[in-house]
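Dropping the structures in below, format is structure tokens.
In the two complexes that follow, chain A is the common piece, with chain B as its partner first and chain C second.
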Partner chain A sequence: MSIGEKANTHKEYSNERNQWIGKRIARIDGPEKVTGELKYMTDENYSNMVWGKVLRAEYPHAKIKNIETEKAESLPGVICVLTYKDIPGFNGFGIVTPDQPVLCEDVVRCTADAVALVAAETSEIADEAINLIHVDYEPLKVVTDAEYAMTGEAPYLHPDGNIHSHVKINNGDVDQAFKHADYIFENTYYSPRQMHAFIETEGGWGLVEEDGTLKIQCPGQYAYRDRLQISRTLGINPERIHVISSPNGGGFGGKDEITVQIYLALLALHTEGRPVKIHLTREESVQAGMKRHPFKVQVKTAANKDGVITANQVRAVADTGAFASLGPAVISLAVEHACGPYKIPNVDIEGFCVYTNNGIAGAFRGFGVNQVCVGIETHIDMIAEQINMDPIEIRKKNVYHQGEKSSVGHIVKSSVGTHETLEKAQNCELWTNQNIYKSQPSEPWKKRGVAVSTSFHAVGMGLDKPDYGAASIELLHDGRLKVAVGPEEIGTGNGTVYAQVCAELLHCDMADISVVQGDTSETLDSGTISASRSTYTGSRAIATTAPLMIELLTGTASEMLNIPAKDIDVEDCNVIHKKDHSILLSFTELYDYLSINKTSTKVNSQFYLPKEKEAIKGSGGAPHHIYGYQTNVVMVEVDTLTGETDVLRVVSIPDCGRVMNLQGLEGQTEGGAIMGIGYTLYEDVIIEEGYHKTSNLGDYIIPTIRETPEIETIPVEAPEPSNPFGAKGIGEVVMIPIIPAIMSAIYDATGARVKHLPATPERIFNAMKSTTSSVPMSSR
Partner chain B sequence: MKKIQFHLNGKKETVHCPPAKTLLEVLREDMGLTGSKECCGKGECGSCSVLIGDEAICSCLILVGQVENESIVTVEGIGLQDNMDVVQEAFIKEGATQCGYCTPGIIVAAKSFLKDIEHVPTVEEIKTALGGNLCRCTGYQKIITAIQSAARNKFALSGEA
Partner chain C sequence: MIKTSEMQVVSPKSLDECLYLLNDQEKNNRLIAGGTDAVVRMKDKKWTPDIWINIKGMNELRYIRKDPSGIHVGPLTTHTDIVKSKLLQDKADVLTFAAKEVGATQMQNMGTLGGNIGNASPTGDTIPALYVLDARIELSSLYGTRTVPIEEFFIGPGKTVIQTDEIITDIIIRPQDTSEIGIFEKLGPRKAQSISIVNFAASINLDKEGHHCSSGRLAFGSVGPTIIRAKKCESMLTLDRFDKSLTHNISKVAWKEVAPISDARASSNYRRDMASALLERGLLRLMKRWENK
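Our next item is the complex of A and B:
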């Protein structure tokens, strides 16, 4: 039996008899967060510290002719000034392709590029030193548009040209399908350069400890990969580097790539053991940080009179900025998801990941699906309207069920809850009473619309990347247990789920569990906090480890008491007799016995995530084995005089498999809804000629509490057979279908379709105007 | 360098620092109180909110020289883990904190808001009061619920409910 098959033999886990799993559980880190007592890594302090700063490129594309550092170096209080010459190892980083220089040598390709580093006694001296570094540039032609970058006219930004990757999925025969279709809809959609806008900007500490270990404390989304990338640049073994990457003041994918870890590492080697701190200002974070890829997506969809979608053709072009980072993986996931959770027999999808001089784009919650879901979902609404069919019915007719073939041509063997989410949507109060709500706008010149959308998002890494989970559980001297799992706490509450699972399986109180995450000295490598994978991965890793701890505890008790291990169980940090539940020994007694006998009190275990057997050639990693699903119903109100739009109500109907923590799930659906509203209506980092026009949160508008609608969560639980608890993942799909749902609700309200996001008041107003352009306008 | 005195979380404090240093920097670097966070440094996000007198103010916009003899309360002064305020307890129970980096500022703003009212606030009132605090994780709904629940508990404790 292969590992993958074995994974599917878990018995369905019932939540009813659980004490912790599936309940509404408050976060374990709540008390230290609400009191401000939690030390984020940017809150740490060292008395002998120095400040680090980064000199960024002055031009979005330029040759470096010379770098002059002498003046900066001679400024009193400056400890070191570093350039590319000071890099002992490989001068590059990047998760997929390490094409981004740590410190640029001969060319800069965007204003995020780093050219030099400074360490100084104070932050002010470091700033002054940065200003004293003179870089002689020769500006080059700036590539600002991805389509232009793909033409022969554009200068090459990297040796192999500007198309970093080109991925395709073909299934059936779209030409024949278009020839015989009753209806064809064809449109082009544009998406914004969304910023993660985590509240904690990139920052952290680097220091060399007395034993020579380089310690990097810096918020991140994969400690082991950060360590690997640091080690390559330093040319030293990863074992000599200790990375602590948790907790994060928000991530959303924006801390998946290296942020400042390598700068900290380089500086720490030149400060004679003094700890160095970098903490980016918001302005520098806006300029240097990752963004979501802006896409241009051309979509052509065919359907028959009965509402069956027969073909979908998609061409997606992603602007990855100057470097690849996770861009190729983003475009691959976009291509895999471009036809929605439907069974369209004929598809022709291609995607391009293209270099420009527009900053850098990389991982961001939703990972390419946000951009492509808009086309298919809008077209399915257009078809429904054309044939006078209910928008939920047409979706129900086209979705695949478990065991059926998806649009990309694979049999979906994991759990699929889409149909049920659509049924819940059909029966939800907002949908059934939509006509009443729509008839009650708050002002006579405002119009309300209600719409539905559905989408999906893969869980885990896909076919071409390794994907494994690991956990360790340790018995502590005070009889408590410590569970260590790699994926970081970036705000999602995964650590609370880990404590729930550990307490459930070891029959104790959650208060008896401490959780460690994101620390290369404490946690085994268990992959990233990304790809909606950490609940699935962590819960299953703990479930494979917990029996080993029970075996250790009961085996030790058996040896101590001469009772057969099979008669012994654990409960509330004691070993008990199975028959009468009498307490035999406390965990502290077991700990003492084990430590006297020099036996480890720690157990650990690994597993490999299930994967599909057959790759879709040329797709760059499709298909995935597991997907989470969600349907959204939203109501908007549009001011017809200004185009301003409010989202008034949101119903989120996720299928994340079995719910592990209801409060955590709602945290995701509510937070995802708001981030989706920001994406659809407000957010876009403006870059002109390679320069950021957006600078801070005053000109980059994220939703405030005033924009928060009423959000209702109705979970659908389609249990995933390969997870011991039936769990899947939820972190990303929660912000996806709300995007086309808002767009269609604007149409429902006004008859105007906005195809260029964000749907700003101007764009909505112009779209409304064009729908009534035949109507004579007033005098002006 | 200047000697500046103020009351911080109920205690008289003296610092020696440039008077143009921001209050936020003084709190974090000189006083070791890192509950207040810097996120935008421009008074846009509310992560650095502290009470000066009874009012919640962005400490990144205040120079320490401006708070001579003022009374300042940070999130740590509202309550620590062994003596939490009803607002803090409600935030935990309702799940109103996620990554938590904005939370101290929101606790301060909520505390200031609840001080002034004698009823369980409406959603609209909360939205007005908390309009200056950005949160990227929660979607704000649980923050609204937590503030209403804190108000109910506050009145229950004081016997006014």
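Our next item is the complex of A and C:
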């Protein structure tokens, strides 16, 4: 298929011979989720429980002069009221820089800031107590805009100023290229503050167990890192903390950072062994939860008459709100991806991660790439139109292939499927018949447009961060197997892939595998569920562990039966003779033998993810070694009377390396498409003067089933050499190119370009109005 | 402010019992029907009565029937009841279209017509339809009943002429003529579960071929403190042949009849433009339906 296959260093796994991998497999957690039988951790209640609540800042920026808690403390039913004074260890958290106070002491920097905690007998008493805490504030000037924050006029929100990070990638000579270019396009694009809007808002449980262990049950995206951050604040050894972080009612990056784990831990220390629950209301989640960074992106692109892009200059400014969280990593990834999966010889890219008083921004599916893909993709379409070239041809002309140099200047050694995704796009039914579809709007005043876009997204951590995977497999007393992998179930279906891989390699039925994820007492540290890494990481970790289990099983059988281990294999939870496939022993018999002999029935192993050798200086982590690629074709219909826009069809063409589970892949492409539609047309958390104007899901508009179009998935398989199955990751890229594709399709339909997302009916209507010719009716 | 856990809920078994409860002015009370507005306000601590008078189960106020004085719709009739009613599909099509646009299925199953009126939101979707059907609202108290024309019923956002001891007991609408056809248009931020940015109801009389309009009623919602009847536009309906170009000309005037505000959902300018757009789109769709009839 591609060069990737030849370079594959691992044993070939062909999907045809596989029993589980690459097949269309239903989610192992599907039925219980669909029926509602599964309880999320926040659905649980216990008879001896107490309720925890958080007092949030009243002002987006203010000095705290005094905090009075006496009245709240004396309210009957209140168990404890905690402030910064009650923090035994370090009063701060944050994945990259711990700049966010657990409980504010002298200043609040956004309305998400926590000032005090309460535990009480009922939720209502806890609310009342929160209202009885009196905080004396002195309001300070509010920094509402990232560009303003960077000027000398703005007050410093943190000691080192408001620019948290500034990253750059330079290649070639853009000035020369602009001088000699046939065409130059220059535009500024604005992106929305998207909310994760997961079904389960942030929440969980804290409990000090009888043996003194602190147990935190709280949906999260990296139990071991949560544990570390909790331990720092409590000043205790992480070993004394047990974190259970799976399953999640949705994560999307919004539970990557600490949400309420540390509050739970602090309160649990004061509830005398009673479990304490915090569960944010949707309103509190809107106000206090992480959001996607809104970006301002200025893009200047040069091209020659033949369609070759010669230069791209990008300046991206990310509003990270009051705290860094993963902001610096987001802006680094944005800079790395700002020129698309192309080989542009001259680039000048810079990005700023900037503090403001606008809530907090952090990780979110796509991680900065959503915001920057719009500029390059839109400009490519503008160039194509200018020189009258097909939008797919111009992309094919500019994309890099495996072994070629990317725009950021490194040779891409991992698999690259972009070209093939574009070919599939070119041949897909929607693209080839686009003129027929466009000529058939559903009502005479509506117009249809079809457009294509392509993008990419790194898999795994950047060059400057550790990145490893681990798995353990245990033989259980009933002869079944338990596979434990760190990355949590956050809705992606990774657990199903883990069961598939384990069943495949240990030659048994998937029903004989139980999967454990996200539990520090059961799973080894295996990194995050983020960065599109968990299919790649988990599958490879299991593949490095499975041979150890086979060795244990065949070795034990050999010892018991006195047959050479090399003549023994495993099948359907039995050990068999390789020659005649006769059953020698059942796994239960092996288990009994091992436990009588006090031998562990568990094996585990680790691996380190591949990395580039040479860093791009000043880029903050570029380049990555592996990327997933994706092309989208979409058709929209715009009501020219109102600006209302329907996405009617989506073709999603991911290059995911080898498909591990076709149904899971479709789950991702479809969910990603819908989330991309929401980002492009509907969603934005509006903050004015530091206060949230958006309060709930009534005014935060996410797509419903009626906004969900027909979505077709056409996978491209460019196997990744470094994964034993050829897998990569597509959890994020599936929502990226659909964004510029919808924007271009609106242009194709109406001639109007919207550069400020979301493209609401009003913005589209106004854009149509200003292109006058395309508006059949203008009332004034 | 009363705690939610201390609020009482009483469920009267009959209208009489309900009127007694309403008459007790010692306690601060409020009616709750489907609760799709009431529970939201309670959660936001905007509505905090001591007693909720739960009338959802009062089936005597859930009916749709016709007599010589008009079509009577009980206040506890749900939006789903309205959508499914043959009588209303025939004689008050515009109301069925409007009810179909309220929230989504779940809201239509729980939410009631009386609640939509009682909530008195300028964005309430059934209200413009009730305007073009010349609805009259019957209010009852322990001391008697009175009937108020819909145009006098709303006095501002969330405000009506209902007294604290009164309850809506009937909604009387004019049955459409055989020559009459209606349409409801809604512009929201998305297709379902959305509050109207602008909505529009029309019910007009056409000749058989649909070439001429003899009279018509047009009403806009969400473009003023209460619903606005577009009287200038109405008078233009009969001026000329009823066709695309007339519709277009009327739409050009529509924005002048409305007085919208800017808020988080839309600017006043856009709402003005949309009054025109919905009128044009609505009448175009209405023509198409008439053709297919």
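Keep in mind that, in the parts below, the second predicted complex is superposed on the first by the 764 of 780 C-alpha atoms of A that agree within 3 Å, B and C clash if a C-alpha of one lies under 4 Å from a C-alpha of the other, contacts with A are read in each partner's own complex, and residues count from 1 in each chain.
Keep in mind that, in the parts below, a residue touches a chain if its C-beta (ideal position, glycine included) is under 8 Å from a C-beta of that chain, and two chains touch if they have at least 3 such contacts.
Treat the numbers as computed from the prediction; the structure is a model and nothing was measured.
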Fit or clash - chain C, chain B, common chain A: fit
Partner chain(s) touched by A:Tyr682 [first = chain B, second = chain C, both, neither]: second
Superposition-derived angle with apex at the Cα centre of chain A and sides reaching chain B and chain C, degrees in steps of 10: 40
Go through the superposed model and pick first if A:Glu200 touches only chain B, second if only chain C, both, or neither. first
Contacts of A:Phe765 with chain B and chain C, given as first, second, both or neither: second
Given the touch rule stated above, what does A:Lys693 touch, chain B (first), chain C (second), both, or neither? second
With the two complexes superposed on chain A, say which partner A:Asn248 touches: chain B (first), chain C (second), both, or neither. first
So which one touches more of the residues on chain A, chain B or chain C? B
Just to be sure I read the superposition right, which of the two partners does A:Asp29 touch: chain B = first, chain C = second, or both, or neither? first
Classify the contacts of A:Arg706 with the two partner chains as first (chain B alone), second (chain C alone), both, or neither. both
Min C-alpha distance chain B to chain C after superposition on A, in Å, is 5
Which parts of chain A are touched by chain B and by chain C alike? 698, 703-706
Taking the touch rule as given, give the residues of chain A at its contact with chain C in the complex, in rising order. 122, 124, 128, 443-445, 639, 641-642, 644, 682, 686, 693-694, 698-699, 701, 703-707, 760-762, 765-766, 777, 779-780
Chain B contact footprint on chain A (complex, rising order): 26-27, 29-40, 43, 45, 196-201, 247-252, 279, 281-282, 490-493, 663-664, 666-667, 669-675, 696-698, 702-706, 708, 710-711
Touch list for chain C against partner chain A, complex: 3-5, 40, 104, 187, 189-195, 197, 248, 251-252, 254-255, 264-267, 270, 272-274, 276-278, 280-281, 284-285
Using the touch definition up top, name the residues of chain B that touch chain A in the complex. 28-29, 32-42, 44-45, 47, 74-76, 78-81, 84, 88, 91-93, 95, 97-104, 107, 126-128, 130-144
